[in-house]
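Structures given as structure tokens follow.
After this come two complexes, each holding chain A, first together with chain B and then together with chain C.
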Partner chain A sequence: MKDLPQTVFVVDDDDAVRDSLRLLLKSAGIPCEVYASAQDFLSGYDAGQPGCLVLDVRMPGMSGLEMQQELNLRGATLPVIFITGHGDIPMAVEAMQHGAFDFLQKPFRDQELLDRVQRALVRDTENRARLRHTDRIRERLATLSPREREVLDLVTQGKANKMVAGDLGVSQRTVEIHRAHVMQKMEAGSLAELVRMMMAVAPRQ
Partner chain B sequence: MVGSVNNVHGAAKDGGTQRVRTIIVAGQSSQRTREVLKTLHGFTHVIWPTSLEAALEHTGSADAACLVIADDLREEPIDEFLQEARELHRNLPIFVITDPDDVAEAVSAMRHGATAVIEIPPSYAALREEVARAMQ
Partner chain C sequence: MRGMAAPTTDVLALLEATFDAVVIMDDRGRISAFNRSAEEMFGYRAADTLGRNVSMLMTSGDRAAHDDHLRRYLAGGEAHILGRGRDVRVRHRDGSEFEVFLSVGRIPNTEPPQFVGFLHDTSLRRKALATLEHERQVNRLYLDLAQVMLVATNRSGAVQLVNQRALRVLRVDATQIIDCNWVDSCVAPDDRGIARNAFRALLMSGSDEPQSSEYHVRASDGEDRFITWRGVSLRDANNVATGVMLSGEDITDQRRAENEAHRALERMNNVSRLATMGEMAAGISHELNQPLAAIANYAQACARLLRLPAPDMPEISGALEQISGQALRAGEIIRRIRSLVRNEDVRRETQDINELIREVHTLLASDARVHDGRLELDLAPALPRVTVDGVQIQQVLMNLVHNAFEAQGTDMIRAEINGTAFEVRIATRPTDAGDVEVSVSDLGPGLAGEVEQRIFEPFFTTKPAGTGLGLAISRSIIKAHDARLGYRANQPRGACFYFVLPAHMESPR
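Take a look at the complex of A and B:
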């Protein structure tokens, strides 16, 4: 599947900032869309659209920090670069703790913003590749029968076929057959690869 | 290289079976900041390694509650250290004490693995809150 082109989404209530950022990004050849409020952006938000966000912290209505939390609730992975004219450390720490990619105080140099945008776009590409990888693993997991799933869980815990047979109350030969199906359906070349796949989809601690 | 180990105040009061958690404060810090950090003794055992490297000798301990990096170390390449400490200890709370208003430095510390960046002065309350959470 070919990725859509990456777009920088600028959300800022200040017309002058939106215009200057649009010009700056255009001059750097980076596609960009601008929005005057968080609500405007969220109403057309599409999780499949790659890119990054340049988000003003203080806006009337929904603030940038509130919009970040709303995106987190929606499971968005778009990297967020906050910009603010009145930043302080508690605000920056809160934004970063909620997963902001960066936090930049106005006034900033054009190049400073462009560098961060480029890094955020690279991060977005990496995030999406990782998500595609875990989605593929989950799709394969969904094709397993309940018994195959049990066998998978036990062998990836390091149990030998004999122990798995004992745990499940079936013959070792049956376990071998289930195991072969698991390897085939999961497209795993080895037990180590299977373990890596399960680690990739395990919830993070 | 390791600084003095202070007496425990307010920890393991109920019979000594409770494990004593340790707060690691790296750096001597300014007099003013040090006075604030000294009040951490009210929480539990505090040790004061005199360098970041010395602090790393303690961060792997099961008793380590959190690492506090004090302000006089800010001239050192702290981001690199944070990254290293974070790679070694994924779940260790790491607090960086900084001068007020140095937002860019605070953001950089967060990007490199700090759990929170706390301004001292003015905010002892923020430090107390963060440390209390780390002690849970």
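Take a look at the complex of A and C:
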């Protein structure tokens, strides 16, 4: 499955600021969509769309901060770049604490914005690649039989076939056959690769 | 009996009629006549005194001296008492002593001489004097008890009477100012003209009505006290002014406190004005940042587009138009703020308020969309025109409408309204007086009592990110239009802000 094109989503209630951001991104060859309010964006947004958000901290209705929290709740991983006025530094700090990618004080140099946008897009790609990778591992894990899963758990704990056979009360030969199936289904070339896969899907500390 | 010439019947009748006690004695001091008044005065009957020495009526101290005086006189010496009166102490029959006024004369053509003594009982006069003295003292007490300064002068302005309170304020003794000219000796030099005029006006006024004046007196230590005076003229039986009576209240401290309070208030106003300016500066920088950010973005975008092999010219020219538009917007913001701050440059025009409202409706409607709300107009037709600064009135409306939507904006309130499309309504209507009322009402929670009290105070806000200036500025704009921005509860619920603009006086067409 090939990636969808990345889009920069701009949400700003000020018509001129919003349109100028659109043109700036366009001049740099970056596809973007603009929205006048948080509600407008949220109602049309599908979490599968890759890209990043450029968000005004201070907006009537749902503020940038509230929108960020809403996205967190939805599990959306879009990196968020806040743009702020002079007086909004405390709000920017709060946004960073809630996981914002970066913030910019306006007015700003085009390169400052474009650099941040590029970094945010890279971050999004990485996030998605990681997600896709773990998704695939989980898909493969789902194809294992219960016995195969038991064998996988024990061998990735570093146990030798003989010990696994003893733990499970089966013959060493049987363990070898299960293990070959596990390596095949998980598309793992080595035990080391199998261990890395399991670490990738293990719940984070 | 030699030398005892009895008085004639006529003389006796005269003696009996006299109110004073009369005693006649001969050259040896023996009593030859003792009238009825003398009987009453001394408690003796006349018969018991005749032929006895007059010293029986005297106190022991006087007795010895009396015979000496009499002998010396008869020997050709000087008379101590004859022809003159004096107070002497005498002795009643019961032994008590009292004072009489005694005058003694030698009866003419008597040889050896006879003397007549008139004794006037002064106790009545003394009683009257004592009563008078008592009254004087009571009056004095009244004067001195008074919390006000009391000063009486004669018609030339010399102080005749002054109470303790006045002496304390002036820090002098009575002796230092009695008979001195009031104005010249007690009034502060700068105020003497005022004081003289007030004095003259009092003397000339024919009425008993007190007249008021205010001037400073100068105390002996040089301190000036500010006094508010009430004066009346004193008049004799012929209604001729004989002087003036002044009662004065020292209001120096009160006036000082008032001035202090006034200055404190001014200082506070200055502070809050400065603070308002600071708050506004923050608001201004935010407002200005928007067009500036847009200009920077457009310009930078144009630069980038122009570097491309085939620049998108329509896009670039659109951006350039935006740049100039945003620069003008920034200028407009500055102009607006300046007119707000300086309260000048107000461009008043006679116009239709409904037109003004329709003009901002588009802008306001977008605010409504942001809040998922509905903005309704309820404009009365055929209203009188008003003379206003349209931009300012529109600013006020935008502020009120924005507040109204924000008030209804929270989820809690939405739930309360229970799904009914909530709305903000701008209404105009003619008042009974023929003026134009403009109101902005909402269906939000309205204002709680305490909030209602303070809603127009600068910096008072119920919004987390509010500056607390919107309503304060709106109110000052409306005030500059000779109107008042008011609040009332909306029916059936919510808040209603309103102002009444005076109708423009138009000559009928």
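Methods note: the second predicted complex is superposed on the first by the 197 of 205 C-alpha atoms of A that agree within 3 Å, B and C clash if a C-alpha of one lies under 4 Å from a C-alpha of the other, contacts with A are read in each partner's own complex, and residues count from 1 in each chain.
Convention: contacts are C-beta pairs under 8 Å (C-beta built on N, C-alpha and C of every residue); 3 or more make two chains touch, one makes a residue touch a chain.
Keep in mind it's a predicted model, so treat the numbers as computed, not measured.
> Considering only the touch criterion stated at the top, classify A:Lys106 as touching first (chain B), second (chain C), both, or neither.
Only chain C is touched by A:Lys106; chain B is not.
> Look at A:Gln39 in the shared chain and tell me whether it touches chain B only, chain C only, both, or neither; answer first, second, both or neither.
Only chain C; A:Gln39 stays clear of chain B.
> In the overlaid three-chain picture, which partner chain does A:Pro60 touch, first (chain B) or second (chain C), both, or neither?
In the superposition, A:Pro60 contacts chain C only.
> After the superposition on A, what does A:Gln49 contact: first (chain B), second (chain C), both or neither?
neither
> Of the partners chain B and chain C, which touch A:Lys26 in the superposed model: first, second, both, neither?
second
> Of the partners chain B and chain C, which touch A:Met96 in the superposed model: first, second, both, neither?
A:Met96: touches chain B, not chain C.
> Which partner reaches more residues of chain A, chain B or chain C?
C
> Can you pull the chain A residues that chain B and chain C both touch?
Dual-contact residues (chain A): 87.
> If we count contacts the way the header does, which residues on chain A are in touch with chain B in the complex?
87-90, 92-93, 96-97, 102-105, 205
> Would you pull the chain C residues touching chain A in the complex into a rising list?
282, 285-286, 289-298, 300-305, 308, 315, 319, 322, 325-326, 329, 367, 370-372, 402, 406, 409, 465
> Over in the complex, which chain A residues touch chain C? Could you list them?
Listed in rising order, the residues are 13-14, 16-17, 19-21, 23-24, 26-28, 36-37, 39, 58, 60-61, 63, 83, 85-87, 106-110.
> Under the stated contact criterion, what part of chain B meets chain A in this complex?
91, 98, 100-104, 106-107, 110-111, 115-119, 123, 126
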